[in-house]
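Chains: A, B, C, D and E, in written order; residue numbering restarts at 1 for each.
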Amino acid sequence: MNRRFLKLAGATALAALTLSTSIAEAAGILTIGRREDSSTFDPIATAQNIDFWVFMNVYDVLVRVDKTGTKLEPGLAESWDISEDGLTYTMNLRDANFSDGSPITAEDVIYSLTRIRDSDRSLWSDSYKIIENMEAPDDKTVVITLSTQSAPFLSTLAMPGASIISKKGMEEMGAEDYASNPIASGAFTVKDWIRGDRVILEKNPEFWQADRVQLDGVEWISIPDDNTRMLNVQAGQIDAAIFVPFSRVQQLQADPELTVHLEPSTREDSLLINHDHEPLGKKEVRQAIDFAINKQEVVDAVTFGIGEVANSYVPKGALYYYADNLRRPHDPEKAKELLEEAGVSDLELNYLVKAGDEVDEQIAVLLQRQLSEAGITVNIEKVDASQQWDMLVDGQYDIAAAYWTNDILDPDQKTTFVLGNDANMNYMTRYDSPEVAQMVADARVEMDDSKREEMYVELQKQAKEDVNWIDLYYSPYINVSRKNVENFYQNPLGRFFLEDTVKN
Amino acid sequence: MSQAPPLIETDDVVLHFPVSGGGALGLTRRAVKALNGVSLSVRPGETIGLVGESGSGKSTLGRALLGLETVTGGHIVFDRAAVTGGKRQELSKIRRETAMVFQDPLNALNPRLTAGEAIAEVLRVHKKVPKDKITDRVAELLQMVGLDPALSARRPQALSGGQCQRVGIARALAVEPKLIVADECVAALDVSIQGQIINLFLDLKEKMNLTLIFIAHDLAIVRRLCDRVAVMYLGRIVEEGPTEAVFSAPRHPYTAALIESIPEIDPTVSLPDAPMQGEPPSPLNLPSGCSFHPRCPYAEPQCSRDPPPTLRRRDDHGWACILDPGQLPRPQTATRLQNA
Amino acid sequence: MSTPLLKVDGLTVETKTETGTHRIVDGVSFELQKGEILGLVGESGSGKTMACRALLRLLPSSRLSIPKGSVRLDGKEVMDLPEDQFRAIRGKRIGMIFQNPASHLDPVMRIGDQIAESVRFHHGGSKRAAEERTIELLQQVGIPDPKERSRAFPHEFSGGMRQRAMIALALACDPDILIADEPTTALDVTVQAQILRLLKELRDARGLSIIFITHDLGVVAQLCDSICVLYGGRVCEHGPKERLLAAPRHPYTAGLMGCQPAIGATGERLRTIPGYPPTVDAMPTGCRFHPRCSNEVAECSRRQPPLEAYEPDHVAACYNPVGEAAALPAKESA
Amino acid sequence: MHRYRFVLYRPLQLLPVLFGISIITFVLVRSIPGDPARILLGTRATPAALERIREQFGLNDPLWMQYLYFLKNLFNGEMGRSILYKVDVIGLIFERLEPTIVLVFGSVLVALAITIPLATIAARNRGGFLDQAVRVISTGGLGMPAFWLGIMLIILFSVRLDLFPVSGYGQTFLEKLHHMVLPCVTIALSLSAVLTRSLRASLLAEMQSDAAMAARARGLPENVVFRRHVLPNSLIPTLNLLAVNIGWLISGTVVVESVFAIPGMGQLLIRAIFTRDYMVVQGVAMLFAVASVLVNFLADIMTVTLDPRVKL
Amino acid sequence: MSARRRGLRRLTGHVPQPLMIGAGILIFFIVLAVGAPVIAPYDPIYQDISARLAPPSLVHPFGTDNFGRDILSRVIWSTRIDLQIAFLGVIFPFIIGTAAGTIAGYFGGLTDTLFMRLIDIVLAFPFLVLMLAIIAILGPGLASFYIAMALVGWVSYARLVRAQILVLKQSDFAMAAKSLGFSHWRIMFRHLLPNALIGSIVFAMSDAVLVLLNGAAISYLGLGVQPPTAEWGIMVAEGQAFISIAWWIATFPGLAIVLLAFGFSLLADGLGEKLGVRP
């Protein structure tokens, strides 16, 4: 028995050795590990970063966000003109083809934008309702008429949901087939999609900047376990991995084979407060909580010092970010005072935590202790992500941590969601200030840049004063790649510039 | 024998156990034909032996008599109460007035209960004596079966086989039964102990006017103990009559062969030269006609053709065979007995 | 007499329990001649089965000691043989059959394969030859249609057929000695008679020597040439069948005969031996039978009585043996 | 052969089981708090958009009607559409079937390859040092959570020794085989802990069985007795234990699939649960049930083949 | 088994060594649990951010975690909750399962068929779906965990007990009880069940470990006990994130699980040996 078992083990090991060399990937293919697999390739049917980040290299949009994430640059639209009244946008399309070789026409553009506005599959209808009319004077021109002025409209066109799809393709294939095997015009096309495992992209020779593309292809591989994903890069079995946990940065940086990329992002982690739950409706109480929280400790313990204390709902480095916004210091005594002033004693809060989210759980444990030092008792309630979302929406919580990343360059989107008292009750906080809401609406239609900036600074100040929520920290996108990968870059809106990436 | 009405009487009792079906889809009903028309009556105070090979249905009959198996057909009446009617009241009468003694003395006692507890439980459940008298009654019962009452604290594992069997009998007596069915109750015991138990039964029979149905394959014991004997083969009684008559002049070839097979402690008697061949066939497929015909040295062609012969009776001695009395040679033992 | 085929001398097996070390087989000695059938008689706990397993070194539990004593086969001591050499004796010189063939046959292997396995293991030869031999053996033990039946599994056989198959299996290696451990206890009397007949025929045809373990004196009386009575792990009486049954010397032997009901007897009470057989951990001192013995004298509880010869080949271990007066129990009741 | 007759009617027993499972899953999954429409829409949820999504997937109908639709679909061989992936559930499941099947069967094989020698060593040295050593190894395997053990194996065999791929499934047959070694070992280690205990006990019982004794009495050497009479008989209860636990085993693959990034049903299921993708959960649950029943069915066939006494 | 064989077994019986060692390990953990406040060097939830992720040292023999909490103290305090999980996670399925198994086995027929189909359903049901669903419906926490374990776990016990009852039902003492006119209730629970329990008790020992591991797996998938409670499974699951920079966080609680598993395994084998059952 014994001997046979050993033999068997030996044989297995031998087979393994001979195999492991044959595993290496083809030279020009960049393999990237991520947490989850894509869910669809229909641009209008998803709101998830996991899908968007792939769309950005598969589809093309009319207007693109540049590498810094602060400016727009031409995409499929070579140039555009905006009418004086700010209601008519004339987009001049460049000569470009879909991956099937057919030219991109104004008809496709109108089809795509109509679809995101009107289709019952679209998750984004509301953002595009502003489009009143679209016309195609010729094949390469689209005239868009808005119902009202909108400063962020161009940014909205840069959103991956507004990707241009082939009308003919969509009508022939049907939405379902198209969503697995899209006809697109980006740097890469979908060669194969093994659901749950990987998306295999290959270079799109029809891409209008095809010369720029160095890679033969890209594989987005789903590796849900953080450890496994990192070990894969360390072992050289994939070229890059995204979603690097904070805890791993230092160690990976020490690996001479790897480059860790800490790219500025628009991510901000904040602590939601349910204003509807008394006494949290009192400004003083919310301020007290802000005082009681040691954000630097959160940055140190949770982000391993990689993040940065946040002082505004607008992410650092983003358009109109107000760097001098108020920062309440960590002062538990002051917190106690404020609570006393507000006549609140024995404050007990229900902290809703997203189960399975390492960062969320860590913040909770930390804040629970910090708040206890200010005499606030925190009960942690851990529920799975979907249920947490439900409970947040329904207001069944006192406090909860959440984060936000911008989809578009313009601050309007986030401001509307967070302060503008939109349909989501100000990001579930139930913060209700008609004046602020009005300011948000005004800022949206203000076309003058400097005036707009002033308005947003004011909004940031007001939000801090009112403590709509508590800004915790900003953190970068953390990605890691092998040393032989160059120009692996993600902009603050999450776009990977894979057309520039080189694998040596 | 007294002409008192029978204590227990069966009429054409049939008992078939369904087994998973035959045929390709398992839809054909099949059954183990354990009892195939048994009629028997036992008078009060009588001891009757049920003998036969394994699979003859003797144990099944014993259980059916006490209502422990549901019969497929026929009637059983105990002391004017219908066992087969399935009425709760009548069934409970039977439970209160009958008891059973089992083959494996250790297995017949709950291993988790002490001897005393096992007996006391019966007394409590049937409310035979007041609560405070239970201990005394247990001691009394143990003494009755020849056990030291001190043993009542022991669990079955700490008792020998013979002692366990005595506890089993004491437990049966606790019911104060009119009828005891003893199922192979000495087969698992050592030879030196068997005698003790048999003697105990003889004593009890005398003292308490017990009616006893004694199931055994050991003919010698049956002959010692029983007034009457019924020989069973494949679910039928093939011969029934007073013990003496059956043993000295069996009228069924099967009985004769059975008696012949028993080894004697007599070096001068040699093994039978031609023992009965074969073994009883499966009760799933009974042979046609007289079910004994395949093994019967006297079988005639008609035995396999005609329906099984019914019990013929003469001088209170019944047999189910086409042979007439006297046509069979008398067994060796019987001859010896006469000569002695 | 010539050298006995098998001579067992002072065979002893001990077991360890919480209460200490106990001898469950205590100095058992007997001889077996070629062609002889020896009946080993005793109640449960008498050590008869254990003694036979010990002489084949087949003790079931690790708590049992390695047997001591002497076992001579054809005059050669085999007790000190190493295990691999001793294995050649099992099966090939001494075969064994058991009380319960249903559990002693491998339930998931065809009967024929089990026999063929033994044949090939001990005699080598081709698969075919083994198969032929298997069929021949099955035929010899009276299994009808042996070729067909060799393909059957044990559970497809009736009790009697299984015991025949077990015998065929034991005979597969042509042993000189067959140890039969209560082979008929689980069988119906009619089938028992068939098996006894078969054993006797095998002895006559092959000159097989048989050690027949049983508790049934009736079976012994009809089958055996000599009888060895065990009680509490010791031999209490040993002698030729006729003499021993006609004039038992040991009170236990006499008592045993007395309580065995004979078919000819009716009505009266049986004679019994009072009390119960001793258990291993509570063996009486001196003669192990003395607490139940009607012939007890003072010496009995103190010292173990030695085996004394009453006739050259009839020995008993008793200080106060039964006299000539004891008669056949069968006649007693008549 | 009439012993195999159950092969014909046993599949019928599948029906009530499937029916029961479908109801339980249906009720259970829908009672979990969390709204798939909201999850899908995230922050952008407006009442109108929510309503549209709910309408699209029939989530507005009363529960019993949804269930009837589900049954109706099932009769037509459909299982509805995934809310997350927006494609047909059956197709989705079939894409994921292979890795999980390979994983489960591979694990069972590896587990047996570990169990049989270990249990043999333990049983033949009962109470000895080796017996204790086996106990330490097997309880160690039992006590280590799969997600921890898996990472340890990856660090040792993939990163340090570079023998196996870190994760994934591979394309060609050989690649798949190679990828599956570590995941299978991970499951097998905890599985074999349970099996080793069972097999050791069966072996001990069989080694002391009358049949083994009789075989020894025929002079067969211990090795032959063991190989031919003890081991085959002992394996039967162990294989049955395995079959009974197959449901548990399949569930256990969820964690291992996550750790090793195997695109199997487990991952599909877990993501579906977390996104309340009802139809997918339902479909996977049904399939797991069918698999479990089928495996037990196979085990029955195997038992009947191995043990001629058994009749079903 | 014949009377003879049992007699022999009784004689060779003694307290098996595995039973003693296993009981010793269990007692060790019970002592840890009871004495946690005295034995543990630190408060298990005290955070010392400045000493976070400290490797094992004299100050922190098992090191500290990412909040600077002392792992040793957390492992010791966890004993309380883990023993509770092992006990309660087993006792409910045990009670439900044995009752169901007894009833199904005793009455047979339709009752049995219904129970068997139900068991088929539970066995075929993906355990994880049920687990996650119940936890999601009732909210995370130990109570939901116990309920989920009970709903799934009873099946094993029911099967074990049913098989035993089917055998015992045929035994002479069951027939004896019936012939003495005892009620079904009395026969089932006083005569049959006590004799059918041993196998289940032995199985419960190994089941306890599986329950702990299920708890760990649930934690890994994100739904366990509420933080900051210390529980081995959660500690392993949480520590897994730090496995390559701080191996000690997951390893020590992992070893505690292994040791307890080892103890239960010995206990099960010892009991099985002592009482003569096969696991």
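Here is the rule we go by: contacts are C-beta pairs under 8 Å (C-beta built on N, C-alpha and C of every residue); 3 or more make two chains touch, one makes a residue touch a chain.
All values reported here derive from a predicted model rather than from experimental measurement.
Graph distance from chain A to chain C, where chains that touch are one step apart, equals 2. Under the touch definition stated at the top, chain A and chain D share these contacting partners: E.
Just to note, of A-E and B-C, the chains joined by more C-beta pairs in contact are B-C.
Chain E has its Cα centroid 21 Å from the Cα centroid of chain D.
The centroid of the Cα atoms in chain A and the matching centroid in chain B are 87 Å apart. In this assembly, the C-alpha centroid of chain C lies 49 Å from the C-alpha centroid of chain E.
For chain D, residues touching at least two other chains, in rising order: 32-34, 127, 147, 151, 155, 258. Under the contact definition stated at the top, the residues of chain B that touch 2 or more other chains are 161. Residue positions of chain C with contacts to 2 or more other chains are 44, 61, 279. Taken together, the chain E residues at the contact with chain D in this complex read 17, 117-118, 120-121, 123-130, 132-134, 136-137, 159, 206, 209-210, 213, 216-217, 220-221, 233, 236-237, 240, 243-244, 250, 254, 257-262, 265-266, 268-269, 272, 278-279. Of all residues in chain D, those touching chain C in their complex are 126-127, 208-211, 213-221, 224, 228-229, 232-233, 236, 306-309.
For chain A in complex with chain E, the touching residues are 226-227, 230-231, 245, 247-248, 250-251, 297, 300-301, 353, 355-358, 361-362, 364-366, 368-369, 380-385, 387. Residues 2-3, 6-7, 10, 171-173, 175-183, 186, 191, 194-195 of chain E are the ones that touch chain B when the two sit in their complex.
Note for the complex: chain A touches chain D at residues 1-2, 4-5, 8, 12-13, 15-17, 19-20, 22-23, 36-37, 39-40, 42, 45, 47-48, 120-121, 123-127, 175-176, 179-180, 194-198, 221-225, 227-229, 231-232, 234-235, 237, 383-387, 389-391, 393, 404, 417, 423-424, 427.
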